[in-house]
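Multiple structures follow.
Next come two complexes, and both contain chain A; in the first it sits with chain B, in the second with chain C.
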Partner chain A sequence: MNRKAISTSLGAALAALAILSAVFAASAGAAPAWKFEGKSLEGTETVLGAAIDSSMTIPGLTTKCEDFLYKLTIKNEAGTGKGEVTEVPLFNCTASEVCTVKAIAAEALPWPAKLTTVSTSNYIVIEGVKVSILYAGTKCVLGGTKVVVTGSAGGLIDNPTETATFNATTLTATGTSLKALGQKIEWNGLFPTEAFEWHREQALSVS
Partner chain B sequence: MHEHRTRAVLTALLAVAVAALGLAGGASAKLVGNYTRFAQCPYKNPEVARCLYSTTNSGEVVLGKKTVPIEKAVVLQGGYAESDAKGNSKFIGATNGITLSKAAQNVPGGLLGIVPEASQPPLVKALIKFFFENKLTGLTSTLELAKSASDIVVNEEALGGELGPGLTLPVKVHLENPFLGKSCFVGSSSSPITWELTSGTTSPPGPNKPITGTLGEIQFLEGGSILETKGTKIVDNAWSAPGASGCGGILAFLVNPIINSQLGTTTKGNNTAILNNTIFIAAAPAVKSNDEENP
Partner chain C sequence: MAQRTGAKRLLALWRKAASAGVTPALAVVVTGALVGCAGGSGETTASSPRAPGPAAEGSSEGKRVDGQASTRKVRSSSESKDSSAGEGAAPGAGKHGTRIAPPKGPREKAPTAEEEAQATVANITLASPSLPPGAGGVAPLSPVYTCDGKDGWPALSWQGVPPGTAELALFAMNVQPVGGDLFFDWAVAGIDPALSGIDASRLPRGAVVGQNSFEKRGYSICPAAGSSETYMFALYALPKRLAPERGFDPDAFRQQVLAISGSAGFFPVSYVRG
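Up next is the complex of A and B:
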């Protein structure tokens, strides 16, 4: 084999390696950034919203909040989208006919957030989640019991609709989980992502 | 006058009969559906906040050198009060008096303690079992409450949080065999074996090592009135047991030491209780309501 042939083979191998590395980097979670009107966010921005739909389920008992609000501060750090959930006011929460929600509160705020890519889809991962729920009701077996939900949650970002969806699939995809009473719980939520400060009414995307 | 008196007596008898029927009707009020298992819960007692029905389906009790697998289900049932500042709830026993059901578990190797090795052929194992675990040489071990039901303590927070004792149970072990008589016990009401069972991790003294339980999977029934746990493993391997007593009747002074030598050291760190349970907990007012709705 002559020198030229060796050089060609080596080049092809390196190219293949580069392609493989790129593929692995993407599937392992390449870091996407926050963008407004297609341009990377500089500085910080505040995203405010209310869940379009949200529920937390321990098998047999689903807790819903009519008003599930959130305040998220976002920024890009070294080209990677990050953020912090700073406020999560929860109101008008219900559970079942026998179990009422006497009190519910997000704790240990702020919750750190980061963007990640898994298999070409972009996700926001919120860590350090802690929500305490005090159930009531004389016929409720959890009456007077404070249930604490902890863990992390990954939600799928959809650029066209400017929403983040959290469900069992997105939590599995991001390797996150929420726990209460010693086990994984189901959380479904659809949240709009809309800027309310410098980039108000500008399209927010993640890529 | 005579006819009038007869009529009065008949009326009184009829009234008594109606009252009796009424009482019978009240007594026959029944629980239905998922509530049926709470029939022995003292849910009419205003002190009772929750009803408990826990079945230990498997597990093992290691007492010194003896290991007794739990092969027959044991039921713990009753109710418990609201928790105190430490999260502890006082237990109130089952209405039929059977708070902890008695299930005689076979002690492998029987009285002589001859247990076949795992590597031995099935025929040898069967023969050893036949000769040493029969009615004469066989030995059973029955778990009984050593104290009143009110000495049982439930801690929901510990059980749910998999941290610390979730169920404290004062027990004694009844050893039964024709030679041992009817009063052979390890543990007593004055010196009970106290299990502090946790769904978390134990921290026993040696030679035992920490073991871990689990709350298992939970689900709510009846819209949240009943909590069911499956695969709940509660453990304790930091308990001590006193020596055997009352074994062999009038020959107890001879037989007790023999039993104790067979058991070996039973101080803390040498014994283990592993209970695999299915637990049902209900809000007592929900059980009461189910009762009243189904006369």
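Up next is the complex of A and C:
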């Protein structure tokens, strides 16, 4: 191989390396962050919301709460969106005709949250979820039983509607799961977000 | 104006939530937001600028005239795919405002210490080596274990029986009641607490079988043709022996079990009968 050929090969290799570096740099820089009106959030913000719809199904028994509120503190850390679910007040929770919800509460708060990207879609992953439910009803198979739901859940962020959707597909996509009675359980929910402090009434997006 | 509208809405939410017992921290956050909405003199920092200033008078609930806010609507994901960036939503469907309704009724609470003491905690792991989990997490029951097959129970295994347990009781029940009543497919008492499972269709020594809802002393899972059912195997650890007689009433026995048992395990299965 002559000097010119070596030089050409070296040049091509360096170019390929440069492209690869650029790709990896782009990937590294693609970590999703919280943004208000398109600008990255600086400091922290508090987000409050009320689930538009939310239900949790332990096989054969779907539990719903008419009002499912939540408080989430968000921030960007090293360019990546993080957060904590700090409060989850629940109201008017029901199960079925024969099973009543005697008590239900989110426990072990705060639940850490982080943003992640899977196949170009952005997700919020809530970790350390723990919800205790005490069912009642003499004709309820879980009557008199305290069931604890634990695990993590990933929800798909939709910027135009400023919502996060949690369902079996989003949990699978993020490699998360919620369990109760030793089984995976279903959780379906649509959760809007609204900033309550410095960025009130500003569009919240993730990118 | 948007803030004014938001303030009214949030005030309603806060009043309701506060009266319903939302924790003080949450109330403080909402209060803080409201103070801001009214143009209060809260502290600001350079890195965290306040949202735009005091609201103008004259706005009305549900009518957003602020251009920025009016373009941000909460819709379902499927709806969002049909238009771009939330433009053109119906009037009055302002950002989240129409979706956040004041909670109705009191806030749900965690079980009290007394309720905890009386409850049975689902802390025993119950499974079947014969029935792997299905796609949705629920194990599909093989026809072998129904009236379409041998109608005998599958092998079951468990872990986490608390020390001091005097006996175990096992039930199979339809999750959905039949004719308004709990339907028992199987009820067994007197299982040795030292066991960590039972074999398929073979009762351990000392076990006593009750009468099921098919009025049969034994096991049977037999849904109506063409129907789909979810069944729950339930194992209870009992701190004392109840010693019911053969052919016992499973409903009455279960009430006795629930009154004294502090630990249980559950294993749901599903069956679709062709």
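Observations on the structure shown:
Quick note on the criterion: the second predicted complex is superposed on the first by the 177 of 207 C-alpha atoms of A that agree within 3 Å, B and C clash if a C-alpha of one lies under 4 Å from a C-alpha of the other, contacts with A are read in each partner's own complex, and residues count from 1 in each chain.
By our rule, a contact is a pair of C-beta atoms (placed from the backbone, for glycine too) under 8 Å apart; a residue touches a chain by one contact, two chains touch by 3 or more.
This structure is a prediction, so every number in the text was calculated from the model and none was measured.
When the two complexes are overlaid on chain A, chain B and chain C occupy overlapping space and clash. If you count the residues of chain A touched by chain B and by chain C, you find the higher number for C. In the superposed pair of complexes, A:A50 makes contact with chain C only, with no contact to chain B.
Judged by the touch definition given at the top, the superposed model places A:Q202 against chain C, while chain B stays out of reach. Once the two complexes are overlaid on the shared chain, A:V85 sits clear of chain B and of chain C alike. Of the two partner chains, both chain B and chain C are touched by A:V141. Of the two partner chains placed around the shared chain by superposition, neither chain B nor chain C is touched by A:I74.
In the superposed model, A:I157 lies in contact with neither chain B nor chain C.
Touch criterion met: A:A95 reaches chain B, while chain C stays clear of it. Using the contact criterion defined above for the overlaid structures, shared-chain residue A:A105 touches chain C, although it does not reach chain B.
Comparing the two complexes, residues 58-61, 97-98, 138-145, 181-183 of chain A contact chain B in one case and chain C in the other.
Of all residues in chain A, those touching chain C in their complex are 42-43, 46, 48-50, 52, 58-61, 65-67, 69, 71, 86-87, 89-93, 97-98, 101-105, 107, 132, 134, 138-148, 156, 158, 160-163, 165, 168, 180-186, 190, 192, 194, 196-203. On chain B, the positions that touch chain A within their shared complex are 50, 82, 156, 160-162, 199, 214-215, 217-227, 281-283, 285-286, 289. Of all residues in chain C, only 2-3, 6, 13, 17, 20, 22-23, 25-26, 29-30, 32-33, 36-37, 45, 47-52, 66, 68-69, 72-77, 79-80, 84-86, 95-96, 99-101, 103-112, 115-116, 118-122, 125-127, 133, 136-138, 173-177, 180-182, 230, 232, 234, 255, 258, 264-268, 270 touch chain A in the complex they form. Those residues of chain A that touch chain B in the complex are listed here as 58-61, 95-99, 135, 137-145, 181-183.
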